[in-house]
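Naming follows writing order (A, B, C and D), and every chain is counted from residue 1.
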Amino acid sequence: MKNYAIIRIHCPDQSGIVAKVTDFIHRNNGNVLDLDQHTDRGEGRFFMRVEWDLANFTIPQEQIETVFQIELATPMQMEWSLDFTDRKSRMAIFVSRASHCLFDLLARHSAGELDVDIPMIISNHKDLEHIAEKFEIPFYHFPITKETKAEQEAKEFKLMEEQNIDFIVLARYMQILSPEFTVRYPNRVINIHHSFLPAFAGAKPYHAAHSRGVKIIGATGHYVTSELDEGPIITQDVNSISHHDSVESLVQKGKDVEKIVLSRAVKAHVDRKTLVYKNKTIIFN
Amino acid sequence: MKNYAIIRIHCPDQSGIVAKVTDFIHRNNGNVLDLDQHTDRGEGRFFMRVEWDLANFTIPQEQIETVFQIELATPMQMEWSLDFTDRKSRMAIFVSRASHCLFDLLARHSAGELDVDIPMIISNHKDLEHIAEKFEIPFYHFPITKETKAEQEAKEFKLMEEQNIDFIVLARYMQILSPEFTVRYPNRVINIHHSFLPAFAGAKPYHAAHSRGVKIIGATGHYVTSELDEGPIITQDVNSISHHDSVESLVQKGKDVEKIVLSRAVKAHVDRKTLVYKNKTIIFN
Amino acid sequence: MKNYAIIRIHCPDQSGIVAKVTDFIHRNNGNVLDLDQHTDRGEGRFFMRVEWDLANFTIPQEQIETVFQIELATPMQMEWSLDFTDRKSRMAIFVSRASHCLFDLLARHSAGELDVDIPMIISNHKDLEHIAEKFEIPFYHFPITKETKAEQEAKEFKLMEEQNIDFIVLARYMQILSPEFTVRYPNRVINIHHSFLPAFAGAKPYHAAHSRGVKIIGATGHYVTSELDEGPIITQDVNSISHHDSVESLVQKGKDVEKIVLSRAVKAHVDRKTLVYKNKTIIFN
Amino acid sequence: MKNYAIIRIHCPDQSGIVAKVTDFIHRNNGNVLDLDQHTDRGEGRFFMRVEWDLANFTIPQEQIETVFQIELATPMQMEWSLDFTDRKSRMAIFVSRASHCLFDLLARHSAGELDVDIPMIISNHKDLEHIAEKFEIPFYHFPITKETKAEQEAKEFKLMEEQNIDFIVLARYMQILSPEFTVRYPNRVINIHHSFLPAFAGAKPYHAAHSRGVKIIGATGHYVTSELDEGPIITQDVNSISHHDSVESLVQKGKDVEKIVLSRAVKAHVDRKTLVYKNKTIIFN
């Protein structure tokens, strides 16, 4: 497996950023594989993702961060992150009772399409344990009540820390996370909401969609923040419906959109193609 | 031009409705051209649209309504309407300053694709008068202020009554109608809202969409009721966007969806393919 | 489980068909649950699907076919079929090496969303045997070479007959079936082709799409006929792509469309909502 | 109006291209407004579009081409073009009898959404002359027969040269252009084909789509080359259809897709966001 560096940057818009960053890579013998930049003129903010091959890069991998900080990040007031493709992300999946998103993620993982490790599936119900077993992934059951919530979440944190979990996917997990989740995993908890947000936030969106008589339903993959269903949107998609659809058929049709949208959002995150700024998500090419 | 009858029915669900209605047509020598029915089990309500050729129909056109009422509608507690295709609907268009929906409607009308008469374009601004002139349609300017609103609307009602207007299309008309509009033209005022409702109801939906960071925008054609942006939805469509889009480019991209969605909604109405029940719209084939 | 009758009919267009069929059901105390009809004026052909509750139906289930044939089908020259919902369809899945469609079908089946029995998975490769095991479905390996094809297919036929297979799903099965398949299972073999047919029929459609520089890819679920990729289309869907996509990323994106489209086609077939006439498929509501 | 430079480049992939080009702009005091690059690894080819503000650029506008050629284009074997936004493109529209695409282009132009000059509409029929008059654009009638084709096209070339036409839009022009068109206007003739190519190339695509029983129709905006319907695709879109659609309704539904797709293709061209390489079109952000 080749080792590439991926850098994601945002900073105040200013002249010469692309020139300086690409010159840094070029002059240290890196070969740029992918570069995508975006300037938000309204915000006066510059965003960039660059991926380069480390094969002949003259700065040792463990020193890149320091050198880049001094030479470029500090002078240009960058907020930035650096990742290397030689290390797999470690993903925890949270589920409740609906199986479609879990199956979709595990099927992709099993087919080698999702380049992560999945050390655990966590659930507040035992219903999907048999799926975890099918795919030989450890399943942890943490039933949640109002009274036990804090205590059970503490156990989940402990478990995830022991297993070096990088990010969490809520694959139709029907519990509201306590704020500590987003403090510990900022922009690292991905949820699928079963509506095209901001329409039908909250519980039972298909009932609400049926009641309102909409002609399109959708799903939204987003990062979880402390405000329910208000986090930065990663991806959305929709499906046409008609007056023939009952709530039950909306739920069925919705599942197809949900699982595809969630898997797309997870893939964008895993490929380090997302960058959150002020509750919006840049999706790089 | 052939003369067809179109009947739209809804009534409590009960056994034998289709059999009785189609038998009525068949035994009076009518030839069914199109039939579409729908049963809403949750509501226990039956809906049907039937179109039949009047060429050999043995009941005279002007008596169909009476006969049908006695034989079928009363016994089966139907609410229903009957239309004939030998009479064109008369449509008033209301606009403000944005031209795209107006152009789209007039271009279709000019090409013979929209089978209505358009005796008037009404506007609170003079900006689009030149378009009305291009297409040789009378243009009426009714500027609206808080103070003059009631008086100006009264003039609009008078004008529309004189001209036997059947229904009204708000082609990006940026004034909230007084409740009297919907009293006079119930399920006969079609609006285009520039978002996929219920997301971003109210003013400036593209600003709101940009601010929320959604990945999809849309438009909604709906009947106007006394509650703003809450009327029964006729049709919706969407367009993908990205972080590259500014508010201005959302407005641009949105226009393409708006005009297509509005024209589809108008066409469904003109073809008598819509039926409103409890704030939802059945769209027949 | 309630027992419903589903009748699918096509016949020369003539006056009174709906009236007579619905009267037949009504007068024998059946309650129509769903009715969808279509008239193809160009062909002069009438199509209908009716579903009714058998709870109080006065004709015994095993005699319906005979009575209907005499009273209606013969006089009106109908071609028709009758099914009852108290018997599950039995489906064989054929696969080769790609797992995404198989996973999608089995995940739905496992979640109770696909109301069929799956007595067997047949493959010309052993690659996906582990998936069959996960879902505890018998897996049969029939490697195919030019020389062994006829002999192996004969074994497949025998096996499917013993197991009373009703229809076959080719879930990315990379072998061309011999004509005998379509003789034995006319309009009962469903294939997923990985392009929006008729574009890119034949092998390697994603390579062809990449080479042609299209901006949209798609997938087609269709019944298999003796002519490759020419059978009646059940459902299609598409996905936007760009110049950034390599053949590999087209294949990846295509998988999402393929599995959804195939499952939709299978569901339409299982629900008896398809009717093939002259190489086209009517899809009833 | 601000004056920006837009450069579009392609060259063999090599290390340091972005660094050198952005450094060139930066060190001459240009401010990069937009940059989009793409590397086609299969082809070993690099593509880039850069837009920068000329306000403080130290190289005089008329010398940029020469300096860039010497400093960068020659050493890096670039094929490239340079445009300035202070000059409007001049567009000729060719039509026959269908009005929808023409109306859509002119409505946008009239609303200030299409930043071009339109000095002429050319047609082989007089049907749409009244639309040209509505929008006060000169209309030229060049009827074409087999015998007069060469002669009439010669007149068209003369007229377009006199009027400094930059590019041509075939807005449902139902004549095959002679090869000389593409010699004179390489990648400068934009056509709308009324199918999602490569499906249904050639005449009467909606008839073919109806006959094949597809469930999706589409339209393709592409550059015209000497091979009919084989030129590089700029943009495509689709619309769902059903067995209810006749050829006539396909034509109607198709018009909505055609006009939107054509206008999108024209806008991408006008904004210099297209780059053709080996019969494919890169569409920059």
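Throughout what follows, contacts are C-beta pairs under 8 Å (C-beta built on N, C-alpha and C of every residue); 3 or more make two chains touch, one makes a residue touch a chain.
Everything numeric in this text was worked out from a predicted model, so none of it was measured.
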item	value
Numbering shared by both copies at the chain C-chain A contact, with half separating same from different	same
Most remote chain, CA-based centroid, reference being chain A	B
Mean-CA-position distance for chain C and chain A (Å)	36
Separation of mean Cα positions, chain B and chain A [Å, integer]	42
Sites on chain B at which at least two other chains make contact	38, 244, 285
Residues of chain A touching chain D in the complex	15-16, 18-19, 22-23, 25-27, 31-39, 240
Chain B contact footprint on chain D (complex, rising order)	99-100, 103-104, 107-108, 110-111, 113, 131, 134-135, 244, 252, 255-256, 260, 263, 285
Chain C-facing residues of chain D, complex	38, 40-42, 47, 196-200, 212-216, 218, 232-238, 242-244, 246-247, 279-283
